[in-house]
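Two complexes, one shared chain (subunit A), two partners (subunit B, subunit C).
Then we have the complex of A and B:
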């Protein structure tokens, strides 16, 4: 009872603005608000074209179809179906993401018709040889980071952004920190800068062409990842976004990998 | 390829018939199905054997081989229904028995809510370990394809599955049995006497028409993936008995009736995976158990670019002991898997099997990388050393080889 009372007092005081918010609290609040703003999407499907470019300008392409089911009480479930390059056509990956607990992940190898549970130690490793690491593409649950609010500044196309530093709280991350620009109005993630284990700038991600789906959910059309250390880059183009398509748990069963 | 004897001519006729039948079937099926998606691959393979063969008539240095594996797939009803057709054909320069065709898949699949039904010819893989696939029993091994036994013949089946939140129960009816393929007299990787696969005998009077059944339950509990199964029917592994063909001694496959209980278990932690497969097999007057278990440990990324190294160790046990026609009765497998995680998906797997009873060793290497956008280069090799005369691998002890395969995907 006493604790409740104390809590109520603190909340009242803070809501009156008499209580100074620490940068950590403000950063967490923004992350939570961003999470809430995208809640209720139920499920979505989309097509992704990944263009890899090396320093010499040579490009190669990957095409992946994505299905995602919103998690209730836990992280999201997602299914990635690979169409290109031709040698991996039919390969599929099923991921049950969690907060701090490692994700559960199964890979389907069509030549052997084998479903293989894989571990997630190398989440810092490149996804299909691209500049995106597995951890960049995973579901961004709030608990995965600790936060620190840095400042507010202009960003995107005339928007204002919260600039928040986030430190991975999960094991085996390839980053010491990330600095994220999130627009103040709709919580769209506009830009992320990634710092490697030696704390030097490794990559920058720029997201553009945001569109609103199902009257609420903002998604970018293009995500460009530039590696500053190797000069390589990867561009992700998203098309054919569909929300609330009626997917359910059965579509994210291990069996669904083989379909 | 000179057709200098009657047998070869007969074989060629058989193969032309097979491929004709396959093409006609495909034409009929696909004129009626629209929007079928075509994918697949064509592969050119070259094998080089480093020593002279052990037995007369075996091909000396190696040879080339060409294979074709197209896949037609048609999905409709929001992908809830699909039809797949995957014929396969291989031509081999040296071994007539390796020149063969098969229908890897020709089936119809429908999934409705919690249920999935499949009817036709298909393939199912069960299991978790890397160096041997003990519990994998639905399909017959296409023995002429590769030494690793991972290539399978299409199995006629009816399957019904009940899906749960984190698993499923599968029931199979397998109405027709596929006989294992064996190398011919010119082929390598064979026994001193060739196996006359066409003369196969069965315990069941229904022979290959015996109806087999299988039931499997698989479920994931957090970090644990569990599968248990029971199979009742014709053993995929034949006994080889002495027989005669045109007055010459040959080996004849005998397929007994079995009941198999099996378990596969995997515990996946972030950096170490534990795996176990075990079976208990009952047959007339004979019971045996076998197991394979071990771990795969993933080291931290070796380089900034994400090069990954995994170490594997698996132990094999078979209650039949050294007399068994299974080579892994008290053997250890060590391996290392290197993945560059680069643009070309370059990978290398190297491993060694050691027989702890007689110190027979067999080293295996597999490497692959993508070339451009639609090609893949695969290299594999195997070396047998210190092979004991009593070891089942002894008949392959002069078959050290290196194989280069170029695959074009479409």
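Then we have the complex of A and C:
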């Protein structure tokens, strides 16, 4: 008995020693694994319908087509083409996302027939008046946050999730922290809770309807963002995902915006 | 029958004593449901169309619950590194305020300009300590020329600057177990105020050169609570002390004074306990009820105890003396309590819920006082030891010579009093409506002092908001719509009452200039709808967290909010400009017409709305009370005559008010109905004694007047003095709705006594023939009742 107990203790202690990752290390590992799991998509296009809802229950719709090129070494490049509202049809936005440096952004205004640079340290601002900030929609590079693993719990439709707290490393972020639920199997981001500068819960993102594309890459069909403080919400509905369509750098420069 | 009751009260005094205490405690346990609501919204009923318009506006745009922090450097220079650094620091810290969703200040103002043909949107300045003299001059130039800032965040003289924190209070909160429950708005406000005051003391400690002033809607709500706490801690003890002194001087009996104290405390506790059971919310007006109940409850006690003590002094045993006192006083005390309660209950027709609550709580207090006076008071009084004191009163002599004087001068008094009454009533229309909510608080309340400073130095506190609605999605960018909004804005800026107009057209003109290399000739509205929409999109994309455009534009870009800041003006002037704006919109932009909505507008209408709604309440009270009088006096002619001493005092009081104050509004709209039930007491006492003399004793009119004066003259004088004193205590409230109501009520009660003493007797003598035309019938009826 005594030996057994001793053995158990030794085993426990040694296993603790073996896997004695700090929560920070474990969190970072999960983020890296998630990053790796989605690598190699090279490019994709999709259509997005964005529905805004205010406290009074009134809704407003925007329709956007998205093209994204996977970044090598640096962040992704993406092009957003606005179809609705009618007044801004033909407007296009080009974003080169970077890790900790401010993103580069340009907007093509058809009414002026000119490309204007968006001076954008302000990643925290709302995207087209919605509850999504630029920083919620931009590519989630690993170095944008520091991480802290919290726990594992059930989530989504019978999945298991890592719950990871992440603190933005970017000075101008609108958040003090985010808590993300990432499923243990495929690293799909199921839910994110956002905390504002006074560390109050600001909003919650729920992603549902995940589908796998090109045999590897999981994308949600619906992303619902609820603002807990203002009662406003925004729903993104994604359709027509296409991967590896053969886009390249020439499709993502200032000239390509006007097309 | 009454005698039987009186005897059994004495017999069962221990039972009644315990039963009273138990009942009081049961009622009092309802107090656990009481909570104080300091939200200014409670002054408006839910179906108030202006409240609805305002709520719609609040649901469409960012809410405007806010705290304004005004930073005033002692040397009056905002544009120097020290002050700007302080503003920058405070702006950062302001984001930590609970429930804050937006912070606007000079430092985080999103200034847009053209830089190398691109549009740059950034904080007006950063790292203020490193700014050069040139930078400071440039920032000052931008700030003072920006319509969004001047008169709003920076004064014209650049000597004070404000930081505006916008809050969003959740209506429901989740506790730790994830259970949703209703939030406590009063607690939320006090959380914010605690933090903001901490911030204020931080600023004044870190930057000793800067003085901080606090205002805004959240501070207004907080002031309702603080004014009430001030009143409770100052007025209530004062009223209690004053009443006990008066009662002691009158009764010259310590037991009697203790008995009175117990009855009035029981009455107040019972009323508020029942209020808790009924789910009534406490608010500043309701909190004037304790003083009112105290004051009114005293009258019941005084009537019963003074008869009792005088019987004892005439050698009766204290139990027998009580039986006699109850026999004599039961009916008058019952009738006066009933009429007083009716007067308060008529407040239920008021348009402002807090005054309905006040009416109900006071009515419950008055009825509780009646119950305790006839069951508990006899029990406790006869159990306490009474020291006998033989004392001759001289007042009786004074009263009879006063009666002689009134009878001798009856003609002169009739003419003189009538002319004074008519003269004062004619003055009533001089009163002007005024419900300016900042002035609801006097200088003792910090909110009033700080808000006065802000309106004198920076910007107005009163505003009107218009939500301009267009037909289709995105129409806000339509050139015609924008041109019309600009026309409206320009016209508003020419109005003498207007300090500032916050309008989206200023943003569009600035963006148009930015998009054309900051060329001043492009400081005008964009030419096409697409341009306007796309500039706005670009600008929106560049704004940081919390500084979005939803405070001005709805999510569908279909509606826009225009906020008009006004000087400190009277309610009448607010109503004037509201009407003028309506007319201008009808004539110039009928399709875009919107109704003005804001707390300022809601309060501007509240006085008149309540005066109108109280007309029906006053009428109902008048009819009921007159019927009671007809019944009590057993003559419709006397009942009709009693209208004069019942109604004239309120009329005269409003005339006097026109001379001494001249401002009426929400609080005073309820005074007529409320005082009706109180002043009628004097009439009941005087007329019933007069009629007893006239009918039972067969005295002539003049002798009956003498009799009435000698029997109730002193009692009326004393109770009126006590009532006036009690309401004068209320008049010292720091909360204008309570102090105005207290003062005017005191005036009404004082005049009622004067009218009962100086006008009623000459009238009774003059109209004697008409009054007694059908008296034969009543006399026989009365005789029959009497013999039973």
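A few points about this structure:
Rule of thumb we're sticking to: the second predicted complex is superposed on the first by the 241 of 259 C-alpha atoms of A that agree within 3 Å, B and C clash if a C-alpha of one lies under 4 Å from a C-alpha of the other, contacts with A are read in each partner's own complex, and residues count from 1 in each chain.
To be clear about the criterion, a contact is a pair of C-beta atoms (placed from the backbone, for glycine too) under 8 Å apart; a residue touches a chain by one contact, two chains touch by 3 or more.
Since the structure is predicted, the reported quantities are computational estimates derived from the model, not experimental observations.
When the two structures are aligned on the shared chain, A:249 is found in touch with subunit B, with no touch to subunit C.
Shared-chain residue A:223: touches no atom of subunit B or subunit C. Applying the stated contact rule after C-alpha superposition, one finds that A:163 touches neither subunit B nor subunit C.
By the touch criterion defined above, A:55 reaches subunit C but does not reach subunit B. By the touch criterion stated above, A:124 is placed in contact with subunit B and with subunit C alike. Of the two partner chains, subunit C is the only one touched by A:107; subunit B is not.
By the touch criterion defined above, A:86 reaches both subunit B and subunit C. Subunit A residues 52, 54, 60, 85-88, 112, 116-122, 124-126, 128-129, 133, 172, 174, 196, 229-230 lie at the interface with subunit B in one structure and with subunit C in the other. Considering their complex, residues 52-56, 58-60, 82, 85-88, 91, 93, 105, 107, 109-112, 116-122, 124-129, 133-134, 172, 174, 196-198, 200, 228-230, 232 of subunit A touch subunit C.
Interface of subunit B with subunit A (complex): residues 39, 41, 79, 82, 109, 111, 113-114, 116, 123-125, 127-128, 150, 161, 163-168, 218, 220, 222-223, 225, 266, 268-273, 298, 300-301, 304-306, 308, 341-345, 370, 373-376, 407, 409-410. Partner subunit A is touched in their complex by these residues of subunit C: 56, 59-60, 62, 95-101, 115, 117-122, 168, 170, 473-474, 477, 515, 528-535, 537-538, 540-550, 553-557. Of all residues in subunit A, those touching subunit B in their complex are 52, 54, 60-61, 84-90, 102, 104, 112-122, 124-126, 128-129, 133, 171-172, 174, 196, 229-230, 249-250, 253-255, 259.
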